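Once you scroll down, you'll see the structures, which are given as structure tokens.
Two complexes come next, and they have one chain in common, chain A, joined by chain B in the first and chain C in the second.
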Partner chain A sequence: MNINKRIGEVVESSSLQFTVQCYDLYKSPNIGTLVKCGSDPQLFGIVYDVSNKSMDPARRPVPRGRNENKEEEVYLSNPQLNRLLITEVNCVLVGYQSVDEINQSPVSLPPMIHSFVIECSDEELKRFSSCLDFLPLLLESPVLNSIDEVISSFLIKSSRVHDDSSRFLIYAGKELAFNLSGQLIRLNNLLKRISK
Partner chain B sequence: MNYEINNQPYEDTNILGMVVSGSLNNGVEVKLKPEKSVSEIKVGRYVSIEAESLKFFGVVTDIELGATDQTLRVNPPEISNPFIAKVISGSTAYGVIQVEPMLILSQDELDLIDGPQPAKTIPPHFSKVSFASDKDVETVFGLESNTNFWLGNPLDMDTAKLCLNIEEFIKRSNGVFGKSGTGKTFLTRLLLLGIIQRGVASQLVFDMQSEYGWKGFSEESKEVKGLKQMFSSKVAIFSLDEESSKRRGVNPDYVVRIGYEDIEPGDIAVLKETLNLSEVAADAAYSLERFYGSNKWFKEFLSLSGGDEFIELARSLNINQAALSSLKNRLSRFKRFDFIDQSGGNDSVTQILSYLDRGMHVVLEFGRYGSDLAAYMLVANLLTRRIYARYAILAEKALGDPTQQPTPLVITIEEAHKFLSPDIASQTIFGTIAREMRKHNVTLLVVDQRPSGIDDEIMSQLGTKITCLLDNEKDLDSVLTGVSGNRKLRSVLSRLESKQQALIFGHAVPMPMVIKVRDYGTATSYGDFQIEDTKFNFDEDNEDLFGKKL
Partner chain C sequence: MSLDLTYTALQIDYMSENIKIHRENHIARISKALEKIDSFDIDHHKARIKNSLGMFNWNIPRISLDSFNKFNAHEFPQDYYVVSTDGSHIDVDRHMPANCYLINIGSCILKYGNNSFATLNSIPNLYAEYQDLIISDRENQSKSVLVRGAILSAKRMLEELKALTKLVKEIDNDIPILALMDGSLIMLDLIGQTHPEFVKKELVQHGFVELLDKIHELSKRKKLLLASYISLPKSAEVINSLRVSNCSFNEIHCDLNCSKIIPGNRSCDDTSNQIIDREVFSEYLSPGQRSGTFQIDIDLVNDYYLENQIHFFYLNTGHEIARIEIPQWIEEREELLNLTHSLILNQCKLGHGYPVSLMEAHEQAVITSSDRNHFVRMIESALDHNGVPTYTSEKNLSKRLRWV
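Right, the complex of A and B next:
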């Protein structure tokens, strides 16, 4: 259905995560989306945060719509906004592809700045999510605290590309249960999210 | 784990899970595979464990629910959400079974010949545990054959036949236990039929309720065939109560009469409790015997009129008069037994022996006397004592010439605890037979609903025990004393179904096993015996045509 979509380029990176500046304002994948970047090795990340802001951190946007009737008109009247404002996406690194194999383990080097970032296709998502060995990486991610929302979105998206989505979710649920032994309340909440 | 692999249907749905911990003393703990539910597995189920080059055979002795998260108990997840319930079960909450490894079979070709050995070690971590296959049952218990009798099916294994080696079985005295209505009689009848069919021993059955010889009844009051209907040319029915036999449509081969002269003081001693005799009163019988002579004491004593004569007797025997009079009182009761004949008995013992010598089986029906414990005990004890004495002589003779050994004899008694209770076991002939193992080629098959009433030493001498449900603590203890792993077998035994299920263990079987006892009483069940007859060449006609089998 969706062909590979290039969304932007890496503008900041570490071996845990990277930041993508999207080519177009507001044209970002949403949270839980699997993306890839770089080559040799190709790295995989999952979107965990999306932000919109001024390109120049020193210049905050000011309100411009006092005399407009609709929000869209603000942009129509100020076409320069599309260049002054940017959409940024933060991704957590969850694995890499070496030769023909997907490794769901920490990467040893971060992606280069200006690496092209591409949203993975359904096929790629299906292949990647057939294995959930990266879950502990995410569950214990020091990067941010609303990671459970990211995981559940990722799992729901993945379930849609598998032939038997409910069976996939049970498999995923069991993996979560395995990784969250001792955190029953967290597990329960996560499962509730993906059961919808 | 990979989703695609994980969701391959397991090649073998028989695999239950894997060993996660354990000890030789306590058995091993097996974590169930997520998709296996604890309710699929019953205590007593036969399982096998693969461990490299070894295969273990064991029995499920306990079933538990485990949780990786201890807060599960206080804070259960939202299992009202079916998705959550599905995920949690088998992962955070999982099933655990306890398995007692009993036997070990090395896959080594040389060792295979020796067959399974008692397990002196346990399988290592992560060994795969599965339900045992029909083949496993065969490997351990053997195929149906001319010595192996199909007694039932292992628990929840309807296509696997569990066979009992009848030849081994009769080498020792054995016991059938279970509380009332659990299927002891049906089970015993099967064992008797098995022994007849396999032709390894003669039998004498003291048929208290007259339910073995010609016909018995199932709970739905349906008639079931007795031994004679199944093997007419090999079974003789003796009766104590001809009238009752006739009424039930049985034409007995012989009607037993006991003479006053047949009764010995030892026969009275056995009845001490049943007749409520004091020690002194029971012992008086011995003094009477010395006084009157061994064939006459009973007759003379009972014909005493009382009065001065009686006081005189008490004085000369130096016995308390009240004790003597209570003895006379109780013994007078025997006058009411029609099978006791003042003018002398018929030679029932010789008659019985003549059948046994020919390898036949004698069932003695008690008719209405079956409800009189004193009559039952008197006759069983009296006949057995004499028959055993004859076997002792024969066996003695055979010492020089082993080919002269008498055919083994199996004697079946019901209400066995009456004969084998701790205070009289040493005095009854049954106690002697049980203790002497198979000294003179005679063994017992004791049938009882209250094994705790049987002397401990005798219980420990029983080779093979087959026990249906028991729920009294003392009975459980008594049946399982001296059995290895008895704490665990106890939980298996106390959870048998209330009917037609039994735990078999001991001498004649390689490992304890829960069985559903073979169905008896339907046309198919009778037919199965015929099929066996031809399959193993037990058929009479064949014997006649081709000469007796050796």
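Right, the complex of A and C next:
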């Protein structure tokens, strides 16, 4: 059974994207995962980048495992690392829910700092992905470099929660073809990725 | 105009040439000091001190039979705690619109072994009440001094130990706990300055030493170690003690015998002039080894520390020579002394040369220049919000608004 999971809190946000600091080191959703945050309206985002780093940008991690046999032992011998290293997730905003309706369009205000960020359940993903009007938002997003990888991951995840995954992928393929009519090579690559 | 670096560079060149010229003599003195340590005769040393009738002017520690022995680190248990605190402060500033100071205490608890974890924290405290801003004589309330400068540094040290005591008290466990402070266990800020006696009584006797007593009491119920770590120590107490046996006069009387001899030409300068303890111990101790212990013999400790006399040893961490200070109750129990040695050495290994717990406590405590600016702005804003007119000095204003 899938339950909603709270992964962390928003630590930086704009009307295009937001950054989440995860509660636990290395415990983050994968690229392409649908997450939600805030309330009234609830905002939806798709994870496009995950990074592990030092909490303090001025303090770079140094190698610590020369005398350890396993990587886990580095963390056991240096328990402070779990307090000094963080996992951050960047999400692109793809829509919002007002009352009971999901709108796949740009948001007018970014999420508040410290908004709880929750990984969407299968049911929520199924409901959100039943319409792919947000695809142009992603395809033209100025914030992403490897956007096609994010889109294909999202579509593959979504296909798994739909009753007829093949039918969903065909629908997704048509939507991509419509939005990438002038970019045949890119469309071809994306279709190959989601059909694997 | 800013600093004239071209002119300064010439002076730096001259300085480095000068250091180079004296380096060979310096190294020769270190070698002689090492020879003296190897042939150190403690009975002769004690007899000469006794005969000097207090006319030996150098500050030296009390030396014991094993002070110049070398000790290797021992095995230590897998499960243990290291608890450290460190502090920083924003001093009273007459250019600020409010009379106040801030002490920020950073702390770090590291649990090693099973269920290892870390807790990092910092607690800032603003002191602005009248009674916080002064220290008054308990016996004569009309006598008081302002808390600032060296006295504030001493108060901060007191707060660091207070936080450390609270943290170790809260640990309810039978496994060893190393409580580690940064710097000295002596309130050095109160030495050599003309502070009234009641300030020393308040901060040392009624403050620091009472906390040392509490930690000692706690150590009777749990396996608790207390030590402080001095990185790159500049002290020369041990080396100065070699002057005793090097003195060429029959009776030691520094003022009478040597007041007219230029420093560097006295017989005792042969092994001790301008060299410091760590330069000698870096040659004397192998990586991981510690020296024996020396007891600090200064008035502040003798007068106020009572049961908590402070001892120290030098430790070759493999990266530097550190000076470790410990209270008497650690020094008296070989098992605790050895464990202190081993755990601090391991802290240095884990911290790439400096105890990791102290490093993290420091990181929690540090107040950056940006924080300091924000602090002043917050005070100005809060006063403004409450309708209190703010002010600053024309001097401060001229620094903020630099114009031609």
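In this text, the second predicted complex is superposed on the first by the 196 of 196 C-alpha atoms of A that agree within 3 Å, B and C clash if a C-alpha of one lies under 4 Å from a C-alpha of the other, contacts with A are read in each partner's own complex, and residues count from 1 in each chain.
Please note the rule applied: contacts are C-beta pairs under 8 Å (C-beta built on N, C-alpha and C of every residue); 3 or more make two chains touch, one makes a residue touch a chain.
On a predicted model such as this, the values are computed, not experimentally measured, just so you know.
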{"item": "Three-chain arrangement built on chain A, chain B and chain C clash or fit", "value": "fit"}
{"item": "Touching partner for A:Leu76 - first (chain B), second (chain C), both, neither", "value": "second"}
{"item": "Partner chain(s) touched by A:Leu25 [first = chain B, second = chain C, both, neither]", "value": "neither"}
{"item": "First, second, both or neither for A:Val11, with chain B first and chain C second", "value": "neither"}
{"item": "Which of chain B and chain C A:Ile156 touches, first, second, both or neither", "value": "neither"}
{"item": "Touching partner for A:Val62 - first (chain B), second (chain C), both, neither", "value": "second"}
{"item": "Arrangement angle, chain B at one end, chain C at the other, chain A at the vertex (C-alpha, nearest 10°)", "value": "170"}
{"item": "Least C-alpha distance (whole Å) that remains between chain C and chain B when both complexes are overlaid", "value": "49"}
{"item": "Residue numbers on chain A that touch chain C, as the complex places them", "value": "56, 59, 62, 64, 75-84"}
{"item": "In the complex with chain A, residue positions of chain C that touch it", "value": "108, 110-112, 116-120, 350, 352, 356, 360, 363"}
{"item": "Residues of chain B that touch chain A when the two form their complex", "value": "1-4, 6-7, 34, 68-69, 71-72, 75, 77-78, 81, 83-84, 86-88, 90-92"}
{"item": "Contacting residues of chain A [partner chain B, same complex]", "value": "129-132, 162, 166-178, 181-185, 187-188, 191-192, 194-195"}
